[in-house]
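To start, the structure under review is shown below, and the notes come after it.
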Amino acid sequence: MNASAHRCGGAPIITGEDIIVRYHRRTVVDVPRFQLCDGETHAILGPSGSGKSTLLRVLGLLERPTRGRITLDGRAVTAGDKGARMMMAAVFQNPYLFKGTVSENVAYGLRLRGVPKSERDDRVAAVLERVGLGGTQRQSALRLSGGEAQRVALARALVLEPRILLLDEPLSYLDPLIKRRLVQDFSRILSADGVTALYVTHDQDEAMVVADRVSIINDGAVIRTGGVDEVMTLPTSPWVADFIGMDAALSGTILESVEGIAEVLVGEERVFARTDLPPGTDVLVGIRPEDVMLFEAWAETPVSSARNQLLMRVESIEHMGSTDRVSLHSNGMRIASSISRAASRELDLTVGAEVRAFFKATSVWVQSAAGVPSGV
Amino acid sequence: MNASAHRCGGAPIITGEDIIVRYHRRTVVDVPRFQLCDGETHAILGPSGSGKSTLLRVLGLLERPTRGRITLDGRAVTAGDKGARMMMAAVFQNPYLFKGTVSENVAYGLRLRGVPKSERDDRVAAVLERVGLGGTQRQSALRLSGGEAQRVALARALVLEPRILLLDEPLSYLDPLIKRRLVQDFSRILSADGVTALYVTHDQDEAMVVADRVSIINDGAVIRTGGVDEVMTLPTSPWVADFIGMDAALSGTILESVEGIAEVLVGEERVFARTDLPPGTDVLVGIRPEDVMLFEAWAETPVSSARNQLLMRVESIEHMGSTDRVSLHSNGMRIASSISRAASRELDLTVGAEVRAFFKATSVWVQSAAGVPSGV
Amino acid sequence: AAEEPAEEPAAEEPVAEEPIETTDLILASTTSTQDSGLFDVLIPAFEEAHPEYKVNVIAVGTGEALELGQNKDADVLLVHAKAKEEAFVADGYGTERRDVMYNDFIIVGPPADPAGIKGGTVADALKKISDSGATFISRGDDSGTHTAEKALWEKSAIKPAGAWYNSAGKGMGDVLTMASEMGGYTLTDRATYLNMKNDLQLEILCEGDTVLFNQYGVIPVTDATNMEGAQAFADWIVSDEAQTIIGEYGVEKFGAPLFFPNAQ
Amino acid sequence: MEVFWSAFVDSIKLLFGGDAALYEIIGLSLRVSGISLVLAMCIGVPLGYVIGSRRFPGRGLVVAIVNTGMGLPPVVVGLTVYMLLSRSGPIWDLYLTLMGQEMPRVLYTVPAMIVAQVIISSPLVTGVTLAAVASVPAELRLQARSLGASKLQEAILTVKEARRGIMAAVAAGFGGIISEVGAVNMVGGNIAGKTRVMTTAIQLETGQGNFGLALALGLILIGISFVIMNGFTRVQQSGGRYER
Amino acid sequence: MEVFWSAFVDSIKLLFGGDAALYEIIGLSLRVSGISLVLAMCIGVPLGYVIGSRRFPGRGLVVAIVNTGMGLPPVVVGLTVYMLLSRSGPIWDLYLTLMGQEMPRVLYTVPAMIVAQVIISSPLVTGVTLAAVASVPAELRLQARSLGASKLQEAILTVKEARRGIMAAVAAGFGGIISEVGAVNMVGGNIAGKTRVMTTAIQLETGQGNFGLALALGLILIGISFVIMNGFTRVQQSGGRYER
């Protein structure tokens, strides 16, 4: 794990130490240290069943871990601590709404906090408007569609304007239109002063828009934590790479460096990248597939700014809906490219064919290899 | 709606006519005609609360519509018809598992069909392997994570190998890794002989991989039905365009046509497109944002195959995670481009700036404007 | 019951060696007879004398017993409410009524005797109780005992009413328990009292008066299911054999008989 | 059959006949049942909630005990309460020792009847509540907690969610109380004008062979409890979670 | 207090004392209760399922009737069954008309007791089952249907899902049966060796002032029902849906 990975933007607000959760002797979460920092939005990514929801429940003081300590603002707290829980609000993966109307559901937390009726009504109306359910106050909460229910659950938490928001896949049932709107809305809410959020999601685009930091969790263990760009561009292991839809990060050595643009030797290829690291440094190199454009092998040099132009061979092609994901290699270097289906068709790509891959020096993410444990 | 929109690949297997569903006097579904054709995979897209799940329940004979007729293989059927239901299996949006083990859940339908124990066990094991839950047979179904539960619900339907599969957002809780795998798996299962599927989803990429035809539903009404490429590339109204993440389809006229490549006048711009329509035809033109590449305005002509190169002005930029969505216009033509964040940063895009947009003639979808009702 | 040949017993002459086919005989009686324990000796003796019958005792209130007889759900009745019994026979519900036995009523009360009735006549005692307002518990259930109690009040021209007079509407055993708990007086039959004495904080305060007389009668029900059995039981219970058993019952346990046989 | 019809006619006549004694009996029945039910709910609902919502060692045993409590023979309950409250019982002695004076008599009074009724109906309320609470998704309770609910507020929400089952619990408890006769008879004494309630009156009339009257009283009792249950049911039915 | 202790000791002594009459009474109690319970379940569970899972006009009324049924006074039930089965009752007449011969006596037999018990406990089973079934998510039933379940198979699944609540229903029904005395006494007649069960025996001993013996018998009865409920509970507790 990277040394900077644990660095908090603000002070840690919730810290979990030596957290272990066991169900029927099976260890589901085993996290030596987890910090949620003041003001940050911390996304948790990980495969199904990896323990994300469990970790969220534990950190949210909703479930006692089998072992471990949790501190809130430096003070040790347990699941029974009501004062601590009052600072938080959670949206679960599966929206369980209470019997009653939409507005009763959304106002529940406010009522517990003794907010007077008229203010409650105003706030409920405002937050429902925000999630696209304006005017549904008096509908029965149990007769909503999947996405509507999820939005009510979301509104129920947002309306409390808590210091800490715990969100477990809050947008999984939503269509792209409302999702886009809410993601934008989130990034505004969550970047507001003093709002800290833990955000479990399967959607990396969502994470990239809202999150400041990302943790990747697998099999109950946090295997990567860091800034969102770093984590999403520079996978430190083949598994992480595969999970975030990249090929593994490449190992290389900086040959020379001019005006912040370095020439990096990767395999036997030379790649230009923007970095301040000195020549001779061993580095890890990552390139997101979306940043790699493909052209016919015989194409001429197109744009001046795309400093890297490599002739590579197609290893595999995967259809991903509107895009195709193409794996490429040449001279010991392995990258992936994500191109539109139409472009893919036009290029008439076949496995084994040669193509020209273009990517910019600024699209290449470089990090010193020192301090990154191998195999992680 | 397009005349070809209703054309079935095979014979219609399920037909709904004059389907109206009302809850408490509110009309939730109002579909004059819906056909699910033999062997096809029919995706239903639509915003949250538009009636997708309700339509699926009605067509799946699980709920009696307020009004309307349903025929199966030409025979009128109702929700009580067990024989008809035996041909189908459904996965609901919210996976409700039965008390008991995973294997009891998955084997439920097989048991109802009197499949002997040993065969049942084999089939259960195989389908669980397929959804990535191999070896979980004896776990309690009620203690699974969100994604695991969803996959069990999926396995419960798939194991029956039914003629008709009804899937209501079956992958919404899954991480991209397993999702990618399952989508691939689906497209294999669903394209197999004789399997017909109705597939409600919010994920357009998913729809584009698995579906043969797509219906877009809004406010209970089907507003667009057609082949997947056509529907996803050529929005017939601003709302549909917005929903599928495009700008509205453009109106144009074919000027001349050489060897299947036509020159189309759109606004005052000329666009090259592959079409067999004769010169003089009024057409609708659509270009998917992923197919539009952007370069600096002063860039030289790059690739020969990208026949269209337009100097355009940036209207707006929207951050979508790993990509940015850029709206562009020039001379009365309006398109969007989806580019990687890194590329966007490199181009230093600002609203009002000029950029050069490249897209290939084969990326331009052209359809005769005749027969498309305006406003739909 | 000639319509029931299948259940008809070989009443005349039971064939030896062959198991005797028994028929059920339903005896409706009062709880007091059952609670006194008399049936525990009487019924086996009858069944020995008439092995063709199996007696089923239904112990209910006198009123309920008469009603069961009227509905022909009981075959024979052993109750103690002479006037009602005679009316029952007169209405044709019973074939005949015969005296079987009597026991006597006594007035019991707390040992402290707050009304000071000890040793006096019944009329005297009732007057003192009503004047002093001492607690009195009445059966209040239209049973034989209650009927007798009402007659006594009437005879002494007192209309029992007020907070001191509790109409319990319960069986004798319960009323005795209540009197004991409430420190009140009550009219009881001697048999039940003697049977429960050990658990009660009550003493006999008034007894031996001739008006305190509780006659039991036996009535076979007209057109009963088991008419023969009913008649056999009625005949047997007034026989010397049964009368002796009745007369001896309780002597061993309480030093005095609980019932006095007086069949003619 | 005409026996039932005439009992029905009689019951109507009785009910509107202006018989003060009858009204008194009905009133007492309702008072005793009402108070007993409230007390049984105060005991049974919280107890059922705790047992139904928590896991603890020996839980199965506790449930078995509650279930057994649903089948306490009323006579045994009556007997036990009688023995406890009796002048020769332990409470009497204790009172005398502590207070230096005799305890006022509780036996054969309304409070004694209420004690017996509460003992009989509390396990019913507890047992059915328990099952109802256990069927509320744990996630719902977790949701409440995550929005800042205290333990009590969480309990209130859970009980509200399980409303239907809890109403069944209350209905069962009420049924147990309103129809019970063995215990009230024993500890109440069925004293006319004091502790006579509908059930003991019915029993009395039955014992006297006044079957018609007993039946008429029974119909009145059933009618009254139907009216009450009907009101009840309106609450129970509203807002079902899972209906379509 | 020592009264209870000695009753407890007596109950143990009695239970293991080899008294054939007692064993007979216990056996009869279990037989009557067992058969009645099975019949009450056969009536109550399907009925509860139908009422709990369907919506139909007048449903609220039906629920109110069932709830009222939970509070049928046993004496009234006994009286009604008695009147129906009486030799001067309607069934007797009907039998005579139809069959041309007298009906064999049912009154004061075990079947009569069972009839009364079933009438008393069926509403309890129905009412609690109803609430339990209504708390099963409709989606679950829809899921079953979507996998090809017939109406019956759907019902079986629903009942299995509502197992906990239905077990509570059965426990309540059993409790109602095992403790009931008013009706069995009336229609059974408490005939020694034939229709005497634990509750009527207890009542008899109480009437005779043998409180200690009554209490001992009561403890035996409670002990027996505890053993049964304990077995029950193991089933009820297994596989809770919403526990964490």
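All chains are identified by letter, namely A, B, C, D and E, in their written order; residue positions are counted from 1 within each chain.
Basically, a residue touches a chain if its C-beta (ideal position, glycine included) is under 8 Å from a C-beta of that chain, and two chains touch if they have at least 3 such contacts.
Quick caveat: nothing in here was measured; it's all calculated off a predicted structure.
Asks: Among the remaining chains, which ones contact both subunit A and subunit C?
Replies: Shared contacts of subunit A and subunit C: D.
Asks: Enumerate, in label order, the chains that touch subunit C and subunit D alike.
Replies: E
Asks: Which chains touch each other through the most C-beta pairs?
Replies: Going pair by pair, the biggest contact count turns up for D-E.
Asks: With chain centres set to the mean of the C-alpha atoms, which chain is at the far end from subunit A?
Replies: C
Asks: With chain centres taken as the means of their Cα atoms, state the distance from subunit C to subunit E in Å.
Replies: Their C-alpha centroids are separated by 34 Å.
Asks: Return the distance between the CA-based centres of subunit B and subunit D, expressed in whole Å.
Replies: One centre to the other, that is 59 Å.
Asks: Could you tell me the distance, in whole angstrom, between the mean C-alpha positions of subunit A and subunit D?
Replies: The computed centroid separation for subunit A versus subunit D comes out at 57 Å.
Asks: For subunit D, which residues are shared contacts with two or more other chains?
Replies: Where subunit D meets two or more other chains at a single residue, that happens at 82, 137, 139, 142, 186, 206, 211, 241-242, 244.
Asks: Two or more other chains touching the same residue: where does that happen in subunit B?
Replies: 63, 94
Asks: Which residues belonging to subunit C are in contact with no fewer than two other chains?
Replies: Correct list: 171, 174, 177.
Asks: Please list each pair of chains that are touching.
Replies: Pairs flagged as touching, ordered by label: A-B, A-D, B-E, C-D, C-E, D-E.
Asks: What residues of subunit C sit close enough to touch subunit E in their complex?
Replies: Within the complex, subunit C contacts subunit E at residues 1, 3-4, 24, 26, 31, 34-35, 37, 56-59, 70-73, 171, 173-174, 176-177, 195-196, 199, 225.
Asks: With touch defined as at the start, can you tell me which subunit B residues reach subunit A in the complex?
Replies: Per the touch definition, subunit B meets subunit A at residues 23, 45-49, 52-54, 93-94, 132, 143-148, 151, 169, 172-180, 184, 202-209, 232, 242-245, 288, 290-291, 293, 295-296, 299-300, 302-305, 318-323, 339-343, 345-346, 360, 362-363.
Asks: State the interface residues of subunit A toward subunit D in the complex, per the touch definition above.
Replies: So the residues of subunit A in touch with subunit D come to 57, 60, 62-63, 82, 85-86, 88-90, 92, 94, 96, 98-100, 108-109, 112-113, 140, 142, 153, 156-157, 160, 166.
Asks: Can you list the subunit D residues touching subunit E in their complex?
Replies: So the residues of subunit D touching subunit E come out as 1, 3-4, 55, 59-61, 63-65, 67-76, 79-80, 82-83, 90, 123-124, 127-128, 130-132, 134-139, 142, 162, 164-165, 167-169, 171-172, 174-179, 181-182, 186, 198-199, 202-203, 206, 211, 214-215, 218-219, 221-222, 225-226, 229-230, 232-234, 236-237, 240-244.
Asks: Of all residues in subunit D, which touch subunit A in the complex?
Replies: 137, 139-140, 142-150, 153, 157, 160-161, 163, 239, 241-242
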